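Some notes on the structure that comes next.
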Amino acid sequence: MKNLLRSPALYIAIAVVVVAALLPLWLDGYILGILTVAYYFGVFSMAWDLLFGFAGEVNFGPTFLIGLGAYTAAILDNQFGPPIFVCVLAGAAVAVLGGLLLAVPALRLSGPYFGLVTLVAVLLLQNAIVIFAHWTGGEIGMTVPDVLSIDAGVNYWYALGFLVLCAVLLFGLSRSAVGLILQASGQDRIEAQALGFNVTKHKIAAFCISALFSGVAGAMLIFYMGTASVGTVIDISVGVQVIIAAVLGGRRTILGAALGSIFLILATEFLRPLGQLNTFVVSAVALAVILFFPDGLLGYVLRAGERE
Amino acid sequence: MSGPVRLSVENLTKRYGGLIAVKNVSLELRAGEILGLIGPNGSGKSTVMKLMMGIEPVSGGTIRLGDADVTQWPSHRVARAGVGIVFQHSRPLHRQTVLENIKLALLPDSLIRLFADRDVDARARAIADRVGLSAVVNRHPSTLPFADLRRMEMAKAIARDPQVVLVDEPFAGLTLSEVAAFSDLIRGFRDEGRAVLLVDHNVKSVAALVDRVFAMYLGERIAEGTADEVMQDATVRRVYLGGEIAASHKRAQAATDKPPLLKVEDVSVFYGKAQALDKVSLNVGQGEFVSIVGLNGAGKTTLFNAMSGLVPYSGKIEFGGQDLSRLTAGGIARHGLVQCPEGRELFGDLSVEENLDLGGQHLTAARRREQLSWLLEMFPILRERRAQAARTLSGGEQQMLAIARALMMDPKLLILDEPTLGLAPVILEQLGRALEKLRETSPITVVLGEQNVTFALPHADRVYVLEHARIVWEGDPPRFAKEMGSGYL
Amino acid sequence: MVYLQILIDGFAISSLYALGAMGFTLIFGVSGVLNLSHGGIMAIAAVIGWLAAGDLGLGVYLGTLVGVIAGLIASYVTYFVVILPIQRSKAIPRDETEIFILTGTLLWGIMIQVGLAYLFTDNPVTMRPLLDGVTFIAGVRTPKNEIMIAVICWIVIGLLWLLVNKTPAGKRLLAASINPRGLTLLGFDLSRIYFFVWGIYGVLAGVAGVLLASFLGVSSASAGQLTASAFSIVVLGGLGSVSGSLVAAYVVGYLETITAYLIAPTLRPIPALLLLVLVIYVRPQGILGRR
């Protein structure tokens, strides 16, 4: 704790948050909107990093968990109209259930098999949405009657506040004793067990935590945008974006994932004049990063101590 | 003085499909005593350790920790009940410091305790101090030398003050002075009243440290007693040496004025931090049969892999005047230096004939047919089984297939790595006869790596002894029998 | 009547699936790579082939050939630009190589998809049929093209079988998938083997892509779906087992066709996905998988 209060990084982080909070005073609604979405994506990526970086499980379909949270909230709101936070809670609950469903094969399969399971989960969800179009709006999507706010600035602050809260929680978790155990569980199962840790218990917990944050963020994104569709919260390309952001920012840093997301979304927006090509450029840059800087932006800085 | 029994196993059995790795093993670990569990590769000693720790499920028998029956317990429960294990290969968390690695060992298995107890830091430092790591507690494992990584493993194992400590091959890769320091540490564990199990290949290297020895072979107990008793035991000697060392009459040695066919100069190999070969130099002349003798873990396979271009090394290896570092592994084999590896590396799903055929791919069709018929004559059992899938063959047949396949390449120099591993004596005789015939009918040069000295000696023109990554002796078989014979074990 | 139609249509689509899936699993078995840009390579072959046949006026047959060559080139580019650098990279820890390859090929697949849409079109392209006209099989009206496609698929499958089982080069591929180290010890450089297998893969994916364009039409957007169905089939059949992929392709092809005809066209991919989930839980190594 003392180390933390003395570290300059903490004060840099606080400064960044303060500046971010003041941005609505200068920027217009359009850019604020982009940043708002970026912040929610930041939470998606941080939740992914917790699972990958800490529990060692590669989830190729993070949008399975995000989509479950988002659509549950959206459907609930459309059908019964309870207050937003109830819908979000419901979304979170269903997402956690989804996380448990994924955890089961994860504990029995290894290597590429588990990755494939996660991809299949997304495909199934996608197809389910399309089949039950009556409830979900199918491929076109659905609108939700409630939104968090109609003011761009207020929405922005909701998103920023949510991001900071999740960052603090997830980062804190990653640095805690539990985080250390998770890292050990993910890196070397046999050693972790020989040291007296029930790896199964910890991995399931990691899945549930990742699912919780993904589900809540997914639901909140819906209530920001006012719509839910396959293309925004379920499609594989969205999942890829989440993963790329975490890898770009630096695996196993949590905060790097958030930075990576913001960077990625801003970059895509910045390249919008290129039309369709912006996805191409961003993907190409991401591929280059993977090839040449696999540790990512933040990872490179933070890992200095580990190298000789 | 040894105290009460802390951990005992009774009729412990472990089966992997059809293979029985451990058969009816019963032993006791007593407080204040170091028990050495000795055996060659494949003897089951590491499996016994894993079973005790709950890493693998037991097929039969019981394990008791104190009064409790822990046979079915998962390993984290066994660990919490007071058993610590030091694995053969270090397993650090690379992204954490040494101190954090040790702290991990002190944490409770809880999902909700986010912060470690106040005293964890102090306790971790004390443990680091005890094993000699205080200078490096804030460094990351990748920056540490090999011996310190091993110290860290010890620290993790004793962190929670276990009653029983299991140590797997602690001295592999250490220098002599480090071995002494580690021995002191392990003695310290014993003197604190813990029960210590030490697993190793070699009685000689742990004789000074252990109080009692339990020797295993092919999953079973073959001897038990003090270190001296076990080293003199007839069965143990047979298993390790293969029987009486008799150097037979040797044919005229190959002319020594010709430059050597294979020249190995100051070759060193590191696996990460562990040194597997330490400035090894040797020569093999054209037409010679050279045996490289050494126990498991001495470095024979590493040496052969360096020759075959499969591991990076420092130093120089020349074959027929050619520097091998310029060639790819495939290129080296095509050049005439062919290895028949310890694991045989057969293509299990392909037939005997297809395996042999692949060996002959670099020859002309006519030459291939010639080689094939020559080999099928030398190994008639392969002719019988030519259409069968390689994995359906018995161990001895597979070994012959592996050798035959290597010979299909018409090599100038053939390396045989532990061909007798796990084979029954009658098969060894057949193998020996085949090697004799090979020497008589072709000018091939052979390098044989063996632990079984009885098998390695009769055919050899010269012998090298490899021990702990170094060549420690060189000479001809009669001198070997005289000088090394009794002290070898 | 419907049943006969299902039988015939199902056969054609299954044959196409088989071709694509066998290539996918061959690459995994020999090279250890799960190529998630598989659909992209097929799409490149389809689009280039269509371009060559139509805009460049080369006609259907030549256009098909050009398409296959495009697939071959795309396969090599994928190997040398994306996969080999990741495998050789010293900055990536050994145990994470697989993940990086999956992510890298996924990204590459997206790049192909967007690139194709931008440079050419994202509308579905349909090759003109290789054979015009229809014929009647036991009273069922079948386009001759469909039969031609099934025949070509089986010729290619047959050639593949001959290659792997009867030629020395093919036996080496088989050996490499069983024990790469053993092959090195016998004097073969694995890099040449990999070069060879990626070439075969390029041809298989190229033919599958072009024929699919002729049968159903392919768009740059379907690249993702093509990869998804290829790996579903491959996991079902057993990762690394070429014969498993063949069997699984027919299972999936017929399941889809039956669903489309008897239940609803929109539900087409569902039963196969459900079967996949079942297999993953019950028998993760697939129908004919080795591990």
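Note that the chains take the letters A, B and C in the order they are written out, and that residue 1 is the start of every chain.
Definition applied: a contact is a pair of C-beta atoms (placed from the backbone, for glycine too) under 8 Å apart; a residue touches a chain by one contact, two chains touch by 3 or more.
Here the structure is a predicted model, which means the values were calculated and not measured.
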item: Partner chains shared by chain A and chain B (touch criterion as defined above); value: C
item: Pair with more cross-chain C-beta pairs in contact, given B-C and A-C; value: A-C
item: Distance between the centres, which are taken as Cα means, of chain B and chain A, whole angstrom; value: 46
item: Centroid distance [mean C-alpha coordinates] between chain C and chain B, Å; value: 44
item: Whole-Å gap separating chain A and chain C, where each centre is the average of the chain's CA atoms; value: 32
item: Where chain B touches two or more other chains, by residue; value: none
item: Residue numbers on chain B that touch chain A, as the complex places them; value: 53, 55, 74-76, 79-80, 85, 87, 91, 93-96, 100, 103-105, 107, 109-116, 140, 142-143, 156, 160
item: For the chain B and chain C complex, residues of the former touching the latter; value: 308, 310, 328-331, 333-334, 338-339, 341, 345-350, 354, 357-359, 361-362, 405-406, 409
item: Complex interface listing, chain C residues touching chain B; value: 168, 171-172, 174-175, 178-179, 181-190
item: Of all residues in chain C, those that touch chain A in their complex; value: 34, 82, 85-86, 89, 91-92, 98-100, 102-104, 106-108, 110-111, 114-115, 117-118, 224, 228, 231-232, 235, 239, 266-267, 269-270, 273-274, 276-277, 280-281, 284
item: In the complex with chain C, residue positions of chain A that touch it; value: 58, 60, 105, 108-109, 111-113, 115-117, 119-120, 123-124, 127, 130-131, 236-237, 240, 243-244, 247, 275-277, 279-280, 283-284, 286-287, 290-295
